[in-house]
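Note that chain A is present in both complexes that follow, paired respectively with chain B and with chain C.
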Partner chain A sequence: MKIIKESNKENLTGYLFVAPQILLFLIFLVYPIIEGIRLSLFQINYQDEVFVGLDNYRKLFSDPVFIQSTINTVIFVVFIVALTVVFAMFVSAAVFDKNAKYVSFIRGAYYIPVMVSMVVMSMIWSFLLNPANGLIPFVARELEVVSVNFLGDTRLVLPVIIFVTFATNVGQAIILYIASMIGVPKELFEAAEVDGASRMKVIFKIIIPMVKPTTLYIIIMNIIAVLKIFVVIQLLTGGGPNNASTTLMYYLYNNAFKYNQLGIASAVGVIMFLITLVLSIPQLRAMFKKD
Partner chain B sequence: MFKKRFLTMGLATGLVLSALAGCAEKESGNSDVDSDSGKEVELRVWLTPQWKGVLDGSEEGADYDSFFKHAAERFEKEYKDHNVNVNVEVVAGDQRDELLNVNLNGGTPPDVFFESVFAMGDYAHRGALVPINDIVDDAAKNDIAQNYWDNVTFGDDVYFYPFSQNPGTFAYNAEMFEAAGLEKYIGGEEEIKTWTLAEYEEILKALKENLPKEKYSNAYPMGLFALNNQGDTWNLAYLRMFGNQFFDKDGQLVINDENGAKAASWMKKIYDAGYTNPGAESVSSNDVNAMFQNQQLAISFTNAILFNNAKADMESGKAPKFDIRLANIPSESGDPLSFTYVTGAAVFDTKDETRIQVSKDFVKFMSTDPELVKASKNGVPVRNSVVEEFSAENPFFAAYAANAPYVFNFTGNVPGYSQLRQVLYPELQALYTGAKTAEETVEGYQTKGNQVIEEAKANSVIYK
Partner chain C sequence: MFKKKAKKREKIDIVFNIIVIFFAILSLFPLYWLVTSSFKNSADVVKMPPDWFPKTFTWSNYADVFSNQPAFTWAYNSLVVALVSTFALIIVSALAAYAFSKLKFKGKNILFIIFISSLMIPKEVMIVPLFRIIQDFGMVNTLSGMIFPNVATAFGVFLLKGFFDTIPDSLREAAKIDGASEFKIFYKIMLPLAKPGIGALFILNFVQVWNDYLWQLVVGQSKDSKTLMVGIATLMQDLNPNFAYKMAGATVAAIPMLLIFIFFQKYFTKGITLGSDK
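So, the complex of A and B:
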């Protein structure tokens, strides 16, 4: 009896130590999620809240703009993540074993856009691409090349946003890959050299399998980041033309802050949370496996 | 051993309690501010960019908040009931709704907001504003014409104190007209020129074909934009060009008819003909205004305040100087298409009686003080007394008055107008990119727009 009491006391001490962290976790992470789910079942005005059940979700799935936003988000995720992984892998595999100064230079060059605010980058791209007074359309007109509206053409607007986001974010993946590749045991490369393996063989048979955990991490983190893509859309296209470049996050933002439809916005938030959760399961599994 | 454990438990309890105390202290800190409101009152006054300077844009250091800072300073000195501190903040027009919605949902609305009534009417419908009937006296009612009071009255109550009005027109670069051989279409310096629609099309054609490329490189006849809802009143005006009435007597959109489709088709026609800047679907009114000031557009949208700001920028050397003049938006009937924004201050329901009362007193002070109301000359004053005082130095007041019979009510006073604005520009983008025909555009706008109006009507506190 006494022993149980003693161990309870010890446990209590432990719980009290983790309590501040648990408290903050509950207030700032768990509570907003629960509140978001609750709000998604209500229609909210400035003065009152009316319970509407799953009406907000029904409205969402019957709204073509929501469907378009979901499709666009999926396109962004697939293309941006694929481009980032392939390009970062290519650059890193090409430079990781070169002179340290050269590697630092490459790392720095690709990392600078990551450090610059996305807002600034978007504004610069807007200055370049604005169809009326942007630099690229101006040069195209001066050279009498057929002028294209990169931001106003439904066929071009998605590739342009994919490129802008990719160019801004790829530095992060390059840093991670180079670090990971430098960590690959030298003996493997030496053995390959002795066996007379070509560079391609080294890349496909040694580097890619050895940096698999990094690839998995980059894929998951980029998927989560791209799901939340917003600033580029807000500053470059405003979701246009005719909602052709709108994304789930931008749709959520419009509903929450422009149309004041908090219930609908919360429903979008819940859907995005579920998608992210599903996509994070492989990463969580991989992490637990290691332990 | 026991002592050590006791100490550890005590330490852990202390940590938890300090975290909780941190929260609790913050809570009680808030209520202290509330209970002290009788002595110190802090007001937040927000405005979107209107005119620069206290009375005039030519003053040194003139900025968008100069007038309100000056009014606040005087109010703080002259107000006897409380010790007031007024904080003035200028917010971007295209960020207004986002900022207000975030602050309303977070329970921290500003106390006073100065803006065009049309953009703020929804907040009255949503119950976020307080009526200000009690600060409107007979002297004000006699000095300000009834149509302005109608504009700021929702249901039975007044929600905005009319300050000035801001009629929307075209601005044109008379020098570019001359360069394109269009002398006969140039109006007087103090005139708002009216062209017929046929004449207007001739002007656009001549500007496109005859404007000397070496002097005006990369220039276009007319500004057209549909990136977002900014400046959409001009787009609404174009949609009325062929006589469409826009709203029926029940406040429903009726744009989907032959005249509506004709107007949309006209917009597409001038865009396709290259009479406008390229890429209208991804160009904003701000871009267009900047292009006009840089002489890349011969005709652009303007209103009385923008017009004065443009002239002030030219005088101060911030923008290239040219001969800027005004014209009406033409229509098929030959009558000008005219509209005006009534601007004024509204008081938000902050749930704090003292702050609401002081806010009302501030609004009354800035909207009635004989010296301060003179600033309304930067737009067009709503007060007859100010119009009379300044009509000699501002001949445009008479020109705007001549347009009065042609003024249309572009909001239709419908609830949900802010959200209705979000429906129009995607449709216009679809029109310009060729994704929809003119008929499909007006049909899409009417269907989605009427849905917005219906939903807003059901939630309006005014209609309850």
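So, the complex of A and C:
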């Protein structure tokens, strides 16, 4: 009898400790997800909601701007994530075994753009790339590169945004890789040295395989971060020229807060939610395997 | 023999490190350009070829930012939103993380799995329903409206549970035998021991909320309810053609984070890495 009482008391204490978190979680996470799915099935006009089934989704897939947004988002994800992983791996493998001051300088130099935020960096890049009086078009003219309107050219706008986003955010991956490489057991490197393995061999045969969990983490975190890419689009191109650089998040935002198409916007949100859910499965699996 | 090996190792290493240093400097260049441009006058800032070092030095762009725009109000809003979000997050998630780590209660594992599964879902994808909730609560144009969704993230629970897990259970049992209540154990014994984790969470979350944009843009629509990031970004659409003025605004938004990074670099490295290896 007493034991049952004890365990009930423990249960209650446990619930009390998690209650505030659960309450917030239900209101601001679980409910919005369910409500988002519901809204995506309605046509919404201020207070007026009409059930339309899957019409919003059908409309989406017949809207060329949505298709363009999806294609652009996929392009951004693929190129930015690939660039980030390769470059961060390169930088980290070069510096991780050097002295601490140097490592901390390199880490800082690449991480400071992350710190000052995408908003500030986008403003700087917008100034640097400004066709009339930006530094980069000036240099391009001096070097006699043909096009200097980097953000106004439909063929150049995607590579430019890929570069700007990559250059602003790569510091995060570098911090993760350096920490992970410093954690690789020293004996492995000593053994390789005894065998006379070259630096390249050490990188490819020891470092890259040993940091694989970090690579997985970086890939997934970056895919999800790039999936919701918004700031750089709004501040640099406004989705233009001619929707050439629009993305899913930008499309969602415009539909929700400019065109007042809440049903359509919700449908985009649901699609993005499902994509993140699927993408996070490998990472979650890796996390639970450890526990 | 040792010398030869060391030399062979260094050659490609040196080449790699030169490339790394070159890009590191390149990566800092935009910020150099930002800060120096913000001190140029409106003519010098667009002069081509440019002055690589500003020849004139003026504070007037900063004076303009603070006199033409409610920049102090924006900075104050950002500070309140970031601080309150972070404090609330720490309290709420420390409580939950402690329970998940040390207490036994029915449904604990399944609850934890649900929490962790939400970790990767960005709140931006639910921005329409979230905004409608904030609307129903009458919190549009308020700082509370910006704060609440920030506290609902499972990130803090995830990070702090790792810290509580490293604290031996024997401490808690000993205190229990002495007759301490569960909350007292949490507050007096466990919380102080989890300080490094709380410090890392504080810095990481503060910066994240300070730099957050989309949600604050949506909630703070009136000029005086904007946060610094959102307010400063509106300078880009400002009709004022003076780029130095816009760069001064961006510098104002960047400086607090630069200072935080310089003083707390250790915490960052720790906090960011914690997420990946737990």
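By our rule, the second predicted complex is superposed on the first by the 262 of 291 C-alpha atoms of A that agree within 3 Å, B and C clash if a C-alpha of one lies under 4 Å from a C-alpha of the other, contacts with A are read in each partner's own complex, and residues count from 1 in each chain.
Operating definition for what follows: a residue touches a chain if its C-beta (ideal position, glycine included) is under 8 Å from a C-beta of that chain, and two chains touch if they have at least 3 such contacts.
The structure presented is a predicted model; accordingly, all values stated were derived computationally and were not measured.
In the overlay built on the shared chain, the residue A:89 is in contact with neither chain B nor chain C. Once chain A of one complex is fitted onto chain A of the other, the partner contacts of A:130 extend to both chain B and chain C. In the superposed pair of complexes, A:80 makes contact with neither chain B nor chain C.
When the two structures are aligned on the shared chain, A:138 is found in touch with chain B and with chain C. When the two structures are aligned on the shared chain, A:110 is found in touch with chain C, with no touch to chain B. In the superposition on chain A, no contact is made by A:219 with either chain B or chain C.
Chain A has more of its residues touched by C than by the other of chain B and chain C. When the two complexes are overlaid on their common chain A, residue A:228 makes contact with chain C while staying clear of chain B.
Of the two partner chains, chain C is the only one that A:199 touches; chain B does not reach it. Once the two complexes are laid over each other on the shared chain, residue contacts for A:13 go to chain B and to chain C alike.
Within chain A, the residues touching chain B in one complex and chain C in the other are 10, 12-13, 17, 20, 24, 130, 132-133, 138, 256-257, 262.
Contact residues of chain A toward chain B in the complex are 9-10, 12-13, 16-17, 19-20, 23-24, 45-47, 130-133, 137-138, 141, 147, 149, 151-154, 237-243, 254, 256-260, 262.
Residue ranges on chain A touching chain C, taken from their complex, read 7, 10-15, 17-18, 20-22, 24-25, 27-29, 31-33, 35-36, 39, 90-91, 93-95, 98, 104-113, 115-121, 123-128, 130, 132-133, 135, 138, 167, 171-172, 175-176, 179-180, 183, 193, 196, 198-200, 213-214, 217-218, 220-221, 224, 227-228, 230-231, 234-235, 249, 252-253, 256-257, 262, 265-266, 269-270, 272-273, 276-277, 279-280, 283-284, 287-288, 290. Interface of chain C with chain A (complex): residues 5, 8-9, 12-13, 16-17, 19-21, 23-25, 27-28, 30-31, 33-34, 37, 45-46, 48-50, 91-93, 95-96, 98-100, 103-106, 108, 111, 113, 115-133, 148-149, 151-152, 154, 157, 182, 186, 207, 210-211, 213-214, 218, 229, 232-233, 235-236, 243, 246-247, 249-250, 253-254, 257-258, 260-261, 265, 268-269, 272-273, 275-278.
Considering their complex, residues 5, 8-9, 12-13, 15-16, 19-20, 97-98, 101-102, 104-105, 126-128, 218, 220, 226-228, 277-283, 287-288, 290-291, 294, 296, 418-419, 422, 425-427, 429-430, 432-433, 435-436, 459, 461 of chain B touch chain A.
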